[in-house]
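As written, the chain order gives the labels A, B, C and D, with residue 1 at the start of each chain.
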């Protein structure tokens, strides 16, 4: 018995050592020259498992679509692109480990990802110390991109979107005075609200706010609470499933009120989850316009590969690859290094499927927003309220 | 194997010296920072699992809330070093003491409760601690968490790289093993084990079970707090979602896989679980499926864990069954 | 006043779902004598079974309930075979860890099979609100809430009848009170425990479908949080007595919602667990006075 | 070893006054008075379910009495917790063996030394003088007891692996490590063969000669009648007789209630005679 046990221990520790050795080996063997190599390797951070798994999957597919296209068209300056996607579980610590992994691997030229602002911020210190670009498709916290010159994001910042929501949707479009805000208690939710509040107050709105922990399912007591203050508009700030849950439960309570959401964008899935989708207005920097051929094509290709309709998130992920491609093109004949990519990215001016992508000094972009609503089960831009140029 | 044991008994000093030398060399031999980071993670979880093992394995209580104490340690360290510039080395014991005090608070119900009731109380307490961390914004940063936690500083050297951090975890881990093995081989440890084996008998021998359980809880919480404090600068960024009950279950799995009630068990458990989850990362969700199957298989084949004795009370060994039969006959 | 009464109604309805979960949970814990952390995933399987029935046959609630019960019942057999059967005489933590493992297994397999995204469950019950005027106080009660509460009452009643009047029910009660004695009375303890575990699981499945209707969605990760609530509620009720467990569930639902009414929703679990710990400090055995289970 | 000289021989070692324990409607122990004087070997007998173990459990603080009082050396110990009572130098064994089965025999006895030592956590970490003294004492004491009871050669064996009779001895050894004035033995001879019983009887007598006061619950009449100097008879929770073996044997009530129709009684009488 005893012998058996010791054997088991020995065997397991052997496997452990071997596994460590293997992963160590693979780490060093891929490190090679950068200039002459014909493939340029990118590191992808995405929550393939955990609470944000569907976004992570979207990232993965979005990136791969872009890379396949680029490679099929002959690559960038003769180089092929390649991406290695690591699962970060939506966990900042795991994300840091993976970012360190990519940063240590000299063949990785830039990191794309991660999904949450929290994870991106956790990695900021690492990418700064190692000097490698972290280009996030979706991080929207205003205090992320300025953490390091290597940090970039193309989602647009909440301090752009949240005031837009207050000024144009609530004030000009709806003319609301009494606002009820229900927000998720997260990094993202807090910074949304903090950027929303000053503008709302400036416009003389009366704001009542309640927050909930992410993962919350029952909102009936919050709705009863909000209902008792009798607001004109119900604003929900969340990116996940809670948006639908809150509006549905408000409907079920027989509460007839205008729904506004900040965060989900023009998500096709959201329409299917709502009992009264027609009652919803959102802001979105991006919109799958049915008349836009490239977009429709992109959207259907994505749906083919993933099995679900795209949101803005995979579209942004798709764009990040093109940003890197453009940066490499801008480097031209120069040696492709991490720093060169950072510099080229910093100066780049691009247009992606999600619109114009020009980095500010901090490394974010300023987006133009639209007011979108639902008609006949489809997203539409609400005409006549295009304030983008104001 | 017996030979190895004999050798160890005879040349303890040599064995220790060799281990010491090897552990000193490791960070200079292994070049990849990521591997070192994993080794650090393993050592960290080993100590955390060890602290849980003191409670579950040595005094036989079912604590499911170790993540809570871990959380307290991490936030104490982050808040003090970041906001008040207190030195990491002062914060370390402070975090332990604070966690121990909370441990005392949590253990108060243990005076009356046992078994399932105790599990749910510790589980609930751990969740409450986490929610407090999530909502007490002025101190814990609330949902934002605390980012850019200062790295420990040793005589002007900023211990940023895993290479240096390795030594912090190593020293804490070795200290934990050393002190715990001493405590266990004393009157205090014997009393804990007596409670684990048979609480009624322990009482009849004058063992103050309530007090012993409290000190046991505090001791376990103390080390969880310390390792939490060391964890915070290591990851540089903490937020409440890192301390969910899943973290607690994960640590519990490490303890049980390695072997409850053994000093080395949690180390093996931590190594196996960490290496497994890291190397199988490419499998995405299937990784958890495999992990789950390993846990279940483990419970079927070796319920006492890899290092646990097959005849321990924790394994539900043969004696127990025999006694059951006898009891049955008597009845 | 009106505000608090409306919050009370919310609490009552949520409490009713908790109560059903707690009933199933305490049937399992009572009969098997061990804690389970698989319950959330059992509910999830129930909810998904119903979801696919809705997909295939439209809004057929009775059929969906039957499917949820059956789906979870089958999972119950697997859980029993893997987690309990072999470990009746072993230390508690072994089966506990097994259930944690199974929970992980089912959850991740479900994510692979059903997909990671949240699926909508809409319009199963008509969106209608009844307004009751108590003097000047206006009470809004949703049709959904009424249906949920009625379903819970009916199920709990049926179960009580089953436990008190049928041969199987009495055997189940005997096993949950004393396995050795039940064995001596000629009851097949293992088979009875299996049946009990499956019935408890089935009830969990029904609770799962109620959750999905009440919250308009199903997802592979929906179980986790509720598993803990069911656990807490049945501990509050003393773990084996289904009536007290139901009471425990109701109490937690009401405490949570009233707590949120006066503070913030982020504190929901603080109220639930704080209340539980408080009660246990005063009454270590929960609401019941008898200690009925091996703990 | 233990200094028994300071015990006041005029004060009862253990005394119960009107002790009652009700479980719901069941009167497990009802109004029992008992006096054990220092130096006694005191037997408690009675049919199954007579409340003997319940009575023991109340004396040792495992149960809180419903009514009545327990005095240990004149001091009221009613309602004290088991560990507090143990600290007052009363040790016990259990009817259904509650050994630390998975620990070595030596460790079992070492735990018995718990209240005789004072090492705290700090001592054990820094190996202070107190720790060293305590450990030395514990090892010395445990080995001495094991030698005396004849288990020394089994000191490293896991307690649960020993034969049943041996396990009973380990339990007694463990109780002795407490350095008690009074030892309560709950069916110490159960499961033993006649030879083991004989040895045990001798050992108990030896302990008694050494100064220990002993109270023993036992079914074996021969055992009780031959070793005890006073006997308490319980039936259905009530005391029906207390006195010397001869008094008990001649007691009519005992005959009727306990010995039944004569066979056992005859045997017992014969053996004693």
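What we mean here is this: a contact is a pair of C-beta atoms (placed from the backbone, for glycine too) under 8 Å apart; a residue touches a chain by one contact, two chains touch by 3 or more.
Predicted model only: the values in this text are computed from it and were never measured.
Under the contact definition stated at the top, no chain borders both chain B and chain D. When the C-beta pairs in contact are tallied for B-C and for A-C, the bigger tally goes to B-C. Relative to the C-alpha centre of chain C, the farthest chain centre belongs to D. Taking each chain's centre as the mean of its C-alpha atoms, chain B lies 32 Å from chain C. Remark: chain A and chain D have CA centroids separated by 73 Å (rounded to whole angstrom). Mean C-alpha positions place chain A and chain C at a centre distance of 36 Å.
Averaging C-alpha coordinates per chain places the centre of chain C 48 Å away from that of chain D. Contacts with at least two other chains are made by no residue of chain D. Of all residues in chain B, those touching 2 or more other chains are 131, 134-135, 285, 288, 313, 320, listed in ascending order.
In chain C, 108, 111, 264, 266, 269 are the positions where the chain touches two or more neighbouring chains simultaneously. The set of touching chain pairs reads A-B, A-C, B-C, B-D, using the touch definition from the header. Per the touch definition, chain B reaches chain C in the complex via residues 56, 62, 108-109, 112-117, 119-121, 123-125, 127-128, 131-132, 134-135, 245, 249, 252-253, 256, 260, 285-286, 288-289, 291-293, 295-296, 299-300, 303, 313-316, 320-321, 324, 328, 331. Residue ranges on chain C touching chain B, taken from their complex, read 29, 35, 37, 82-83, 86-87, 89-98, 100-105, 107-109, 111-112, 180, 184, 228, 231-232, 235, 239, 264, 266-267, 269-270, 272-274, 276-277, 280-281, 284-286, 293-295. Within the complex, the chain A residues that touch chain C are 49, 51, 53-54, 57, 185, 210-213, 215-222, 224-225, 228, 241, 244-245, 248-249, 251-254, 269, 272-275, 307-308.
Listing the residues of chain C that touch chain A in their complex gives 3, 6-7, 10-11, 13-14, 108, 111, 115-118, 120, 122-123, 127-129, 140, 142, 144, 211, 215-217, 219, 221-222, 225, 256-257, 260-261, 264-266, 268-269. Touching chain A in their complex are the following residues of chain B: 1, 30-35, 37-38, 41, 131, 134-135, 142-145, 147-148, 160, 162, 235-237, 239, 241-242, 268, 271-272, 275, 278-279, 281-282, 284-285, 287-288, 302, 306-307, 310.
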